[in-house]
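Structure incoming, see below.
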C-alpha cells in the first residue's frame, strides 16, 4: 500500500537530485533546471500531505509555488540573456570577477 | 493498480531528473526535464489533484519549459561554447555524500508519521471546491502572487530591453 | 554644588568643540588669527583649575564625597547605569594636580607651538585630552572610566601622529594604538567579568565595593589581573611598554602632559580606584609589584644607553611608573599617588626643559650634539637642575620624599628583593639623569652654532614647576622629620595596612637612598661632567685610561650593564616584545587572507558550502532527535 | 495596514507613471519619497500603542496581522527606505543609469518587506519575501552597463532562490507535521503535540531557518554577502544591509516567539556554533579587505553574529533579548546607512575612492565629512557614547542574563577585533598627509543628502548619550520601551 511516506520519500530523493544538480552543473541554464526540479519535489510533498489531511491548503501551496517559479524564471532568464549578450558565455565560472 | 502507477511514475520522474543533471546538451536536459514534469503531473492526478494535473501540464511543461527551450534556441550556444564541466563524477559523488545526512533525516522523520488517512470528501481536489477555496480563504496570497508576477515582469523588461543611454 | 564636577569635564569639552570649530572654519573659510585660539586655549584650563579648587573646598567643608548624578544612561530591567561624577578625596586630588600641570603646559605650548600650522588643531586635541582625562578621574563607575580611558588613548594617538607628514610619527602613532589595543582587551575582559559577577542594581564603584566580597576569589584574581593588563598598556609596563619611547614623536608639550604627567599614570589611578578589589587579592598585588619593579629596573638600564633626550626621559617615566606600581601592588596606594603627584611636577618640568633645549637648538634631540647649554639658557639650566635632583632623590626635593616612602614601604612589607631592585634602580636613575644633565648643560667644546634662548612664556611655567618640584615633597613630609604627612592623611583610606618601621631603620633607609643617589651622581660626574664632544668617540683616549677606578667600574658595572642594557634595548625590546605584540595583529591578518580563498565568487562553491552546512545541521539533528 | 496599502498603491501607480515620457526621473524619486513619507506618517499614528488585530478577517482569514510589533518594524523599514531615498538622491542624479522604474521596484521591495513583517501565514510570508527579493535582484542589476552589477544580481538570484526553496521544503514538512501553516494555530497544534514525536516539525522549522540565516548572511550561508554588496550600487547596498535584515528579523522573531517556542531549545547548540563561526568568518574577512565597501559588507556579517547572540538569548531572557534585537537593528540601521550613504556621496565612480588607501589624509581636505565618517565607524565599532555601544550593551547584558556568558565574551572579542578595521579608516584619515589624488570632484556639503547624513550622525550620538538633556524628546529609553511594548503585543490572545 502506497502511503504518504512514499510520496515524501520521493520528494526527498528528487530534492537531493536537484541539489546535486545545483552543485554539479556549470551551465547557467542547468542551474535553473535544477531549481525547477527542487520546486517540483516540494510540490509533490505538499500535494501528498494535502491528500493525507484532506485539506486543500497543500494544493494551494503547489499552485502558488508554480507561480513563484515562473516569476523567478522570468527574471533569471532576463539576466541570463543579458549576461550572454555581454560575455558570450553561459558558464557559471565566468561569473567570477569579485574575489577576495 | 494505484501502487503500480506510483512506482511507474516515480521511476520516470527520478529517471528524468537524473538525466537532466548528467546530460551535457541543454536541449537534452530540457527534454529530460519534461519527462519528470509529466511524470509528476501523473502523480498529481494520483493524489486527487486534478486541477494541478492540468496546471502542471499546461503551465509547467507547456509554458515554462517552452520558454526554456525557446531561450536555448535563441542563444544557440555552440557545442564548443558549452561550459566544460570537468570532474563531473567527483562533484556528483561529493554532492551525494553531503546530502546523505539530510536524506537520512528526512527518512527518519517520515517513518514516524502515522499512516492513517482521514476520509476524503467526495469532491476533494476537483476544480470547483478548489476554486472556491482559492478565492475565499487564499485570496491574499492570490493577490500577492499578482504583484509578484508584476515585479517579475518589470524585472524582465528592465533586463531585456535596450539601453537608450 | 556638586554639579561643578560635571562642569570640570564639560568645560574643556566645550572649548574643544569651540577650538575645533574655529580651526575648521579657519582652514576652510577664513583665517582666524592665532591669538584668538590662544585666548580660548588658556582661558578654559584656568577656569577648570579654579573649579577644581572650588570642588576641593566644597569637599573639605562637607567632609564627605561629592556625587553628581547627571542622568540615567542605560537601564535594563531594574538594572541601571548612571552617568555620574564622583568627587572624593582621591579624584579631587588627581584633578588638582592635573589641572595645575595641564594649565602650565598649555601656557608653555602656546609658545612652543607658536606659528605652527596646526596650532588650533593642536589645542583642540589638547582640550579633548584634558576633558577625557578629567572624565576618567571623576567617573563614578567603571564604564565612565572606560570612556575616559579610551578617550585619552585616542587623543594620545592623534597627538603622537600630529606631524603626520613624517612617516615615522605615523608609525609611532599606529604602534601606540595597536599595543594599547592589547591592553584594552584585557581591560574590557576585566570589566565584563566585573560586570557579570558584581551584579547588583547598578555599576558604580560604590555598589561594586559593597558587593565585591561575594565574588569567588579565583574570579576576583582573574578580574584583577585582566584590569591590570589594561594598566600595563596605558602605563607602559613590561611587556606592553614598547609604544612609550616611540610616542615621543609627538610635540614636546604632548610628551610632557600626556606621556609623562597625566595619561600614563591612569593605570596607577585605576588600580588605586579599584583598591577594594585589589585589597582582596594581595597575591595579584605582589605580581603587580614585581612587574613594576622589573619595569623600573629595565627601563633605567635602557635609559643609560640612550642618546635621544626625549627617549631618555620616556624610559625614565616608565621607570618611575614602575616605582608607583611597586607601591600600589603592596597596598600603599597613597604612597603611589604621592609619587604620581611629585612625579607630575618634576617630569613635566624635565620634558618642558628638554623641549626648551630642543627649540633652542632648532629641533635637535641628540644629547651628544648638545653641550654647554648652561651658558645660553641659565633659567632652563637652573630649573632642569632642580628637576634632575628631584628625580634622583636628593633631599629636600620632591622626588626624594615620595621615592623614599615607596622604598620604605617595599622594605617594610618584607619584600626585601623589591626594595633592593628599587635601590639599585635609584642608583641607575640618578646616573642616567645626571648623565643627560651633564652632557646637555655642561661638557666642553660644544660645536653647535646659532643658539637662541627661548622666550619667557616658555620659561615662566618652568619656574612655577620648579617651585613645585622643590616643595611638593613637603606635603608628604614623613613624621621622622617632625612633619605631618598631609597626603598620607588625606588619602588615609587608600592604604591597605600600615607598615611600621622603627625610626632607626627609617633613618638607615633614608641614608641609603641618599647614598644611592649620590653614587649615581658621582659616576655620572666622573664620566660626563667634563664630557668633551671631540673625544667622545675615542674611548681609548688618555683621559679615560688614567683612571683605573674607571676601568674597574667599567668592567664590573658599566660594561656588563652596558651589555645587558644593549641586550634589553635591542634584543628584548625590539625583537621579542615588539615582535610578539605587533606579530599578533599581523598573524590575524594572515589568517584572514588564508580563509579568503573561500570567498572566490564562485556561485557553485557557495552553493556547496550552503548545502554542506545544511548537511552538518542534519547530522546534528539526527544525533539530537530521538 | 493602511500604510501597507498605500505603499502598494504607490508602487503600482509609479510603474504606470514611469511609462509616460513626460515624467522625469526626479519626479519619480519625489513620488516615491512622498509615498514613503505618507506611509511612515500613517504608521507613526499608531506607534507606541499596544494592540493586535487581523484586518478584514472575512477576506484575509488570519493571514495578515497588524499589531504593535509589526507597526514597530514597519516604522523602521519605512524610515530606512526614506533615508535611502534621501541619501541616494545625489547618487541617483549623478549616475545616469537609473531609470524611472527603479523607484517603482524600490517601493515594491519596501512593500514586500512590510508584508513580511505583517504576514501571519507561511506561504504569504514566502510570497512577501519573494516580492522583496525579486525587486532587490532587479535593483541590484539595474545598472546594466557594469558587469559587476549583473554578476552580483545573478549570484544573489541563484543562491537566493536556492535558499528560498529550503523555506518551501521546510513549510511542507511543517505542514505535514501540523496540518496548518497559519501562525498562532501552528503554535497551538504544537502545544497539543507536546510529548509526542515532533521531529518532522523540528526538521521543517530548521529548513525554514536556513532561508533566514541565508538572508541575514549567517555562517555557512554568508559567502554571497560580500560579493553582492560589493557588486551593488552603494544606496542599494545600504538598503539591503539596513532594511532587509530588519524585515527578516521581524518575521523570524514572530515565528520563533509565537509558534516554535516549545521546540526552540533544540537549536541552541546549533546556534552557538553558527554564531561563533559567523563572528570569526566575518572578522577575518573584514580585516583583510582593502575596499571600504567590502569591509562594510564583511562587517555586516559580524553584526549578524551579534544579532544572533541576542536571538539565542531569547529562550531564557525573552523580553530583554527580543527588545535588544529590535534596538540593535535600529542602531545598526543608522550606522550602516550613514556609512554607506556618506561613502556613496564621496565616491564619485566605481573606481574612485573605494579603498582605505584612497581615504589617506581625507580629514585634512574634508574635515566635516571625515568627522561624520568617524562617527559612523565609532558607532559600528560600538565605542561608548554612540548608539552602537548602547545596542551592543543590551545584547551582551541579555546574553549574560540568559547564561550565555561565553557568547557574550566572543561578542566582546569580535567587537575588539572590529575596532581594528573600523579605526584603520579613522587613522588613515587623520594620521596621514593627504594623498596626491584629486579631491576636486568630491561634492561639497550642499543639498539634501549631506543634510540627511549629518542628521543621522547626530542621531547616533543622541542615541548613545541619552535623552535627559531635553526632556520629552524621544531617545534611547523611548525606543527600548516601545520595543518592549511591541514584544508584549505578540502574546495578546
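Points to keep in mind about this one:
Per-chain numbering from 1; labels A, B, C and D assigned in written order.
Following the convention adopted for this analysis, a contact is a pair of C-beta atoms (placed from the backbone, for glycine too) under 8 Å apart; a residue touches a chain by one contact, two chains touch by 3 or more.
Keep in mind that this is a model prediction, so the values were computed, not measured.
Nearest to the common centre of all protein CA atoms is the CA centroid of chain D.
Centroids built from CA atoms put subunit C at 71 Å from subunit B.
The geometric centre of subunit A is 27 Å away from that of subunit D, both derived from CA atoms. In whole angstrom, the spacing between the mean C-alpha positions of subunit A and subunit C is 65. Distance between subunit A and subunit B, defined via averaged C-alpha coordinates, is recorded as 6 Å. Touching of two or more other chains is recorded for residues 4, 8, 11, 19, 22-23, 26, 31, 52-53, 57, 60, 64, 68, 71-72, 75, 79-80, 82, 92-93, 95, 97-98, 100 of subunit A. The set of subunit C residues touching two or more other chains comprises 596, 599, 601, 603, 607-608, 611-612, 614, 616, 621, 625. Residue positions 94-95, 98-99, 102, 105-106, 108, 110, 113, 138, 141, 145, 148, 151-152, 155, 157-159 of subunit B each touch two or more of the other chains. With chains as nodes and touching pairs as edges, the resulting graph is complete, every pair of chains being joined. Touching subunit A in their complex are the following residues of subunit C: 596, 599-604, 607-608, 611.
Subunit A meets subunit C in the complex at residues 19, 22-23, 26, 31, 92-93, 95-100. Contact residues on subunit B toward subunit A in their complex (touch as defined above): 2-3, 6-7, 10, 13-14, 17-18, 20-21, 26, 29-30, 33, 36-37, 40, 43-44, 47-49, 51-52, 55-56, 59-60, 63-64, 67-68, 71-72, 74-75, 77, 81-85, 88, 91-92, 94-96, 98-99, 102-103, 106-107, 110-111, 113, 115, 117-121, 124-125, 129-130, 133-134, 138, 141-142, 145, 148-149, 151-153, 155-160. Every residue of subunit A that touches subunit D in the complex is listed here, in rising order: 4, 8, 11, 15, 22, 28, 31, 35, 38-39, 41-42, 45-46, 49, 52-53, 55, 57-58, 60-61, 64-65, 68, 71-72, 75-76, 79-80, 82-83, 86-87, 95, 97-98, 100.
Those residues of subunit A that touch subunit B in the shared complex are 1-14, 16-21, 23-27, 29-30, 32-34, 36-37, 40, 43-44, 47-48, 50-54, 56-57, 59-60, 62-64, 66-75, 77-82, 84, 88-93.
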